[in-house]
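Shared chain: chain A. Partners: chain B in the first complex, chain C in the second.
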Partner chain A sequence: MTYALNRVTVPVTVDEEKCIAAKGCTVCVDVCPLDILAIDLAKGTAYMKFDECWYCMPCEKDCPTGAVHVDIPYLLR
Partner chain B sequence: MNTIEMEVDVLVIGGGTAGPMAAAKAKEKNPALRVLVMEKANVKRSGAISMGMDGLNNAVIPGHATPEQYVKEITVANDGIVNQKTVMKYATSSFDMIQELDSWGVKFEKDETGDYAVKKVHHIGTYVLPMPEGHNMKKVLYRQLKKRRVEITNRLMATRLLLDEGGAIAGAMAVDSRTADFYVIRSKTVILATGAAGRLGMPSSGYLFGTYENPTNAGDGYSLAYHAGAELSGIECFQINPLIKDYNGPSCAYVTGPFGGYTANANGDRFIECDYWSGQMMMEFYKELEGGNGPVFLKMDHLAEETISTIEEILHTNERPSRGRFHEGRGLDYRTGMVEMHISEIGLCSGHSGSGVWVNEHAETTVPGLYAAGDLACVPHNYMLGAFVYGKLAGESAAEYCASHALPPVDNAQVEAERKRVWGPLDVVDGLPPGQVEYKLRRMVNDYLQPPKVTRKMEIGLQRFAEIEEDLSRMSATNPHELMRAMEIHAIRDCAEMAAQASLYRKESRWGLYHYRVDYPEKNDADWFVHVQVKKDANGNMSCFTRPIEPYIVALDEEEKTAYQKLRIVKEPAAA
Partner chain C sequence: MTALSIQDGLSAQLMQRMTDADPEIRRIALMDLADSEDEDLIVPLLIEALQDVDANVRAEAAAALEGYESEAVVTALIGVLTDSDPQVGANAALSLGELKDASLGGVLLNALDASSGYAKAAIFRALKELKVAGSLEPALAAIADADADVRQAAVGVLGYLKDPRALASLSKVATQDADSEVRRIAVGALGFAPALAVVFPALADAMNDESWQVREEAVMTLGKLRAENAVPQLIAAMQDSYWQVRIKAARSLGRLRSRAALPALCEALVHPVSNLRKEAAVALGEVGDPAALPALEKALEDPDPDVRKLAKLAMTQIAR
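Moving on to the complex of A and B:
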């Protein structure tokens, strides 16, 4: 079986200037009900890894530095 | 990947609403019990109320409502198909639970005298209690779990229950969605609190996770109960909700109704007498949506500025706060425009309709040692407060069971078979991506099961679901997260098959749109005033059968019986 790579825009964005994942913070990753956020170890910031968002907002509300922003997924906007 | 073994007395599966309450109450009953809450996400922000709740939909508060009146209301709202004892148990426990939550720090709206400010939304009685500051609900529950020393494991998905020789509960098996480690948890009792089957139909947006329910509630518990041999009930009474189009969340008429907002057609005219969600209400909603006066809207643009600000404050900070962001993106202001509404995809949920795992008034299922509470337990229209009440009952019942039962031995054959099934997708090379299988399965659910229900279509649907069952073993997972999704698809497929089988079995129409069968369009009380149960039979096949309705403990008069059949507003003909 061969696979294609489809590009999609994701609704959760992280301000790399504000994100303190490099200091050990994982709050947004921890609170996501769908477990779709992850830490990019090379950059030391959080990002949305899986396109499975419920736009529910705990990641944004609980982020201690205001780095996370939840948009409505494009298909629903 | 490792296999990890654990041993507890009470295993609570699901840490959303009912689950934490069940764990707290089991521990309260006997602090010596080992109680574990196993959560697929993180207990701090999991379940249907991850961002809190904007109100209680079914508060039975002395001076505003009586338990008898509430039992009548839910009996007629669910078209007669209820075990009244279970609804009565909820109704008589409701006020104590409100007071307990109040003492834990949950804030309910009160009037200037300190009395609860209950609003009327239902057709007959008054039960809606707003919680303008309901966003801290999960924090309150989490504090109680910590205080009572309940153990918690996050990111574990239960995949099958363990049974002893006699078919009683012996524990559960689970997989870690971060490491793919396999867990064997021995326990005397299991409490299922996994929420609705909310990822059954596909939202019309086509975005798989843009569901009404929290999409992590994929129906795991329905599947766990089914494979353990428990009876499920009312599965054909689907959950279908009136939602904000595209956003696919509540608008929410229960909040706006008491302020003067209402459901309207394209002309801005009210067409239903009552916005309380029932199958009959959804039928009128569906007719208006598809008719010449459609589509349907929520109308607030006639309200005063201060009223609208209050509504915005509640709706844009609780339950689904991103709805404000959605309206902003579309340039919609409640002051100047109406909110376009639509019908949701189908799901299974007893919190809103009546589809769930069969329980009695002690939250006991038909499997010894197995209890259920919350959206997946069949107590019709139970909502959040019902989840708390049945969580309490389940916790107390489980604690009692533990006192007289020893920990059963583990059957290694069950463990081996399940570990093979769960780890299977990690060994498949070049397999089907789970996301693609889920898309196809849920699109088929829409095509063949979304009401109006047509016999031949549902039969074809069953063939498709059988074909997709063959595909399940061809799925491959490239990481533990994808493995969790693959296992969820097994549960979603089980729910789809149950939904089709139960719908085909009940040869009549009932609950308005929830079970509108075009080829049996009338309600038929002579043959179908019964519960329809689904169960895995001794040969491992899915079977349906009827269960008689227990004699009512609260009688209905003729006028009340038809209250929910007359929701459409009848316009007086204009005088000549």
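Moving on to the complex of A and C:
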């Protein structure tokens, strides 16, 4: 049996087509109370750097282009 | 030129982004601008951005102007209420709705005549919390408006003003308006009446409204006005086809400490909806008649723990 050491899915996903971080936007990074989002400077898009999400949702709500999506676990919904 | 002095205060880089050819960069620059501190520098730039060619930029500017209270801001926001993009108008309406400075009421009042529909309703909503005396006349005139949204907002203004001169019109709206939400707001507004007699006929009428939300509001308003002579109607409302209305009837009967309501309230203790059982238990405690004790004792076996708790509380209230 293999162990899943690296999780490949994170709750906060960013649509790279829509993300405008390259144009100077940092809204999701700024609103996150846990400071777990970051801008990937190479790609010019936001991404989830640390998986400590509280599912509080401002990143999804405030994103000016609707690029951020938070997957809320079934049991929290 | 003011632009030069503005450039002195804000970073040249931000100013450059404000006029970038890419509307998304202009929009992000606006967000950064709204975060900076100096009001004198920000506000003129935000007002200017309300005229941007890009709708997203205009919408961002309209939202960012919230909290800045001056004649220029209010005039500019009123101007974009009729923007071709509905989001711009909606953001402007929200920003106007947050106004706290009653001295700006005059600017809003002056804009009423030239406006209609959505814009007019938004201006009335902004006027509501300012409670300026001058809004009585226009609000009374607007309750005959063809647009239900405008009527809702105008009736809201009258409810906040609490001017007895509006009671006759409000009674009429409460019973005769074609829109049920307008009737509901009017029924709620009647709660400020100084004497029950003036509004009782309208409220009694509203208790038979076809919309349950209106009936619910009427039942609440009668409780708020401590309408002793409405007890028979309130007891009848305990048989309403909507439990939501029954809950409010139970609350009002509890407030009135009506002994006549005991049978109806005891009956509600076994209703399938637990929220109604809770409210009935509370009301029985308020009435304070020991005749309710057997029914409350049975409610101690209720499957809902909240009902059990409130029944126990009601029993100690009665014993006191």
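Here is the rule we use: the second predicted complex is superposed on the first by the 65 of 77 C-alpha atoms of A that agree within 3 Å, B and C clash if a C-alpha of one lies under 4 Å from a C-alpha of the other, contacts with A are read in each partner's own complex, and residues count from 1 in each chain.
Heads up, the rule we're going with is that contacts are C-beta pairs under 8 Å (C-beta built on N, C-alpha and C of every residue); 3 or more make two chains touch, one makes a residue touch a chain.
In this text, all values refer to a predicted model and were calculated from it rather than measured experimentally.
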Is A:54 contacted by the first partner chain B, the second partner chain C, both or neither? first
Chain B or chain C, by number of chain A residues touched: B
Mind working out whether A:10 is in touch with chain B, chain C, both or neither, as first, second, both or neither? neither
Residue positions on chain A within touch of chain B in the complex are 1, 3, 30-35, 50-58, 61-62, 70-73, 75-77
Partner chain A, residues of chain C touching it in the complex: 17, 22, 24-25, 27-29, 31-32, 56, 60
Name, in rising order, each residue of chain B that touches chain A in their complex. 41-42, 44-47, 50-51, 155, 177-178, 205-211, 214-216, 246-248, 320-322, 325-326, 329-330, 430-433, 481, 484-485
Given the complex with chain C, which residues does chain A contribute to the contact? 20, 23-25, 27, 64-65
